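In what follows, chain A forms one complex with chain B and a second complex with chain C.
For the complex of A and B:
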């Protein structure tokens, strides 16, 4: 039980740091780094829940694989948008991206 | 006890490097700190006897963060952070949201009734069972994830490519 709690608390703190980063940064890549930390925290919790509470249900590990996929997708799409933005405006600063509002 | 120690040790390392990501003004150091944070998360998986996912996490994140560092150098005027430029906004709100979100999650972790801890499984049995899960019951989910990655790759390339006039 101690390891489960240690993992859950570490995941919770990582989530808080990621949330701070995603909200406070103005650079697109730094915002993505905050999101990656939050997804990492989610993975820690998923692995801890699978290992300590439901070790026989392997769909828990499937969820972790899906989160890893989401991380890769976020990187691919984020850098695609970042490259398009850099080509057109010469910057990936999100404070200068008010024209993206609908 | 050793498992709790190593999980906690790598958890602290992940948290420390996670903090460093937003404390340094060098973009390259930020990317490397995130790499170490994600690698520490992979080491936590290993400490929790989830060998396959631990190795996968370390391998994937090493590649991902190396690519991220390259993009940072490409996009930034000052990737080494020598100018000490501040790239943050709404600091108070962000700190409050981070502390509130983290504290709420810690409270749920500590106060939740999680029931009894199940028995451990051997690593080789885990990999075999995960393989059967991937190619059996969860095959549709697995295949959908693959197709989604392919679609995102094509879409990201199409968005990023220079338009011909």
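For the complex of A and C:
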């Protein structure tokens, strides 16, 4: 069981780093990296629970695959917004992005 | 049968041809009217030889469209046809060089065709259809000069007045068909009792609307904005005549009670609109009021129980009134106006036209031996012979006196004044129409015996009423020639010029309440129904504004909120887990 605990602690640490990054950074790329870290932490937890508690069931693996898909989509949309923003304003600083509010 | 159908199909074909070719409209319309008059005459000759016939055409299921050719309808068909062809001849001159001739002659042909349909219709459904289409045709023709200021509202007014009264015909037809089970007009004459009374009163309402009887007379004078041939046609043999024709044709249906109402309404109209005619300051409006008055005479004769006398006067009036309008149209073309103040002396500068006008006018005023003398004499005698002579006879005599007065007044106002001879375009055609109509106005009276024999109804004749009636007519002529309208009528004149608005008239009694109701409904709609909807819309938009204000647009703040929410959730889950342990 100690290995499960290790995996969960690693996931929690990763999540904490990601949360801090997302909240503290002002650059869009950095914020997105934080978000990626949080999602990665969630995936570590999912894999750990599957591997150590229900190795016979496939649902945990499927869930991880879905989260990976969501990550890819989030990256695509986020970087699309970032590129457009950079082209029009020359910066991806989120403190300056208040004008996006309708 | 085919010949009778040609009376309708002739003008109808002219209408189609005019609309298709769009040139030579006058020639086509004249051709159509020619076919109409020849076929009507042939039909009359055949009917006089004893050949009554009727035909059922396929129509609504269970209600075939019937046309009936019998002495009465044949006489009416000839009357309409003759007037329409002569008015058409006159119109060729009147419309020379005018704009919209294609439109004009197409509408006139349509009008004639629909009137012929009404005249020979043998069942209520066809009659109703023709009745409505006549209303439509007259609306189109009254509004012919639509680019002039008040024309549109006059046309609408005429249409609304007659249309409102038409509701009476609808209900009457419904009552008659549901009671008798047939739509054939002659088949519904057997309906008796209260149903017949109600139907009679409703038919009278419809006829009063079309024939401009009190209290629905106001529209006719406004309709004078129409071109003069239209007015001549409208007043003599079509729209206005339709009301009287309806009552003449349904005479067997009218019970004694209804007849009394018909007679009284006719008598009151003959006097009231006669006074209006004396007061008028415009030639065409004077003639319009006179039309109402003369149709009042016809209703009076019907009410007295002599439909043949009414028919006789209808025929005589058709000739006289169309001749008068034809003459007034020439004066109008010469001076560009129909107001007496502009027409002074126009009689002097055209002695021939004025002579024809005078002959027709004297015929209308019942000067022997012109047409109006015979027909009005018959009506006065009818009033004398009826059971209600004590009330109908004074009304008839007063009407005859007023007729003389306004005719003499019109002649005097046309004669006195400066000469200003100016050429008028299309004079030859107009003169041809006027002269033939005037000849008719002189000689129609001599057909009294033939008419009476043909339709098999008595036209009354009394020596005493002839003397009294003629005396009244001459007294009227003398008064009208000698005294001005103000002297004749005194304080009545202002009231008469307003069309005798009792309690404000139709405008105050119908129009204002209707407008007030419309305003109330508008306010209820705007404040009530629209108010609720707009309040909902505004509420939703305000809510949206408020929710929008919550969003800062700063990514980290939104993220912090999300993280905070998640933390709360975690705490909650943790507390739950502790409790479970």
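Here, the second predicted complex is superposed on the first by the 101 of 102 C-alpha atoms of A that agree within 3 Å, B and C clash if a C-alpha of one lies under 4 Å from a C-alpha of the other, contacts with A are read in each partner's own complex, and residues count from 1 in each chain.
The working rule: a contact is a pair of C-beta atoms (placed from the backbone, for glycine too) under 8 Å apart; a residue touches a chain by one contact, two chains touch by 3 or more.
The structure presented is a predicted model; accordingly, all values stated were derived computationally and were not measured.
Novice: Look at where chain B and chain C land on chain A after superposing the complexes, then choose clash or fit.
Specialist: Once chain A is superposed (C-alpha atoms), there is room for both chain B and chain C without a clash.
Novice: State whether chain B or chain C is in contact with more residues of chain A in the superposed arrangement.
Specialist: Of chain B and chain C, more residues of chain A lie in contact with B.
Novice: Please indicate which partner A:48 is in contact with in the superposed arrangement: first for chain B, second for chain C, both, or neither.
Specialist: first
Novice: If we overlay the two complexes on their shared chain A, which of chain B and chain C does A:99 touch? Say first, second, both or neither.
Specialist: Only chain C is touched by A:99; chain B is not.
Novice: Taking the superposition as given, does A:31 touch the first partner, chain B, the second, chain C, both, or neither?
Specialist: second
Novice: Go through the superposed model and pick first if A:23 touches only chain B, second if only chain C, both, or neither.
Specialist: The answer is both, since A:23 touches chain B and chain C.
Novice: Determine the nearest approach in Å between the Cα atoms of chain B and those of chain C after overlaying the two structures.
Specialist: Superposed on chain A, the two chains' closest C-alpha atoms are separated by 7 Å.
Novice: What residues on chain A does chain C touch that chain B touches too?
Specialist: 19, 23-24, 26, 28, 95
Novice: Using the touch rule from the top, collect the residues of chain C that touch chain A in their complex.
Specialist: Touch list, chain C to chain A: 548, 551-556, 559-560, 563.
Novice: For a test of understanding, state which residues of chain A touch chain C in their complex under the given definition.
Specialist: Listed in rising order, the residues are 19, 22-24, 26, 28, 31, 94-95, 97-102.
Novice: Under the touch definition given earlier, write down the residues of chain B that touch chain A in their complex.
Specialist: Residue positions touching the partner: 1, 3-4, 7-8, 11-12, 14-15, 18-19, 21-22, 27, 30-31, 34, 37-38, 41, 44-45, 47-50, 52-53, 56-57, 60, 64, 67-68, 71-72, 74-76, 87-91, 93-95, 97-99, 101-103, 105-106, 108-110, 114-115, 117-121, 126, 129-130, 132-134, 137-138, 141-142, 145, 148-149, 152-153, 155-160, 162.
Novice: Hey, which residues of chain A end up touching chain B in the complex?
Specialist: So the residues of chain A in touch with chain B come to 1-21, 23-30, 32-34, 36-37, 40, 43-44, 47-48, 50-56, 58-59, 61-62, 64-66, 68-69, 71-73, 75-77, 79-84, 86-87, 91-93, 95.
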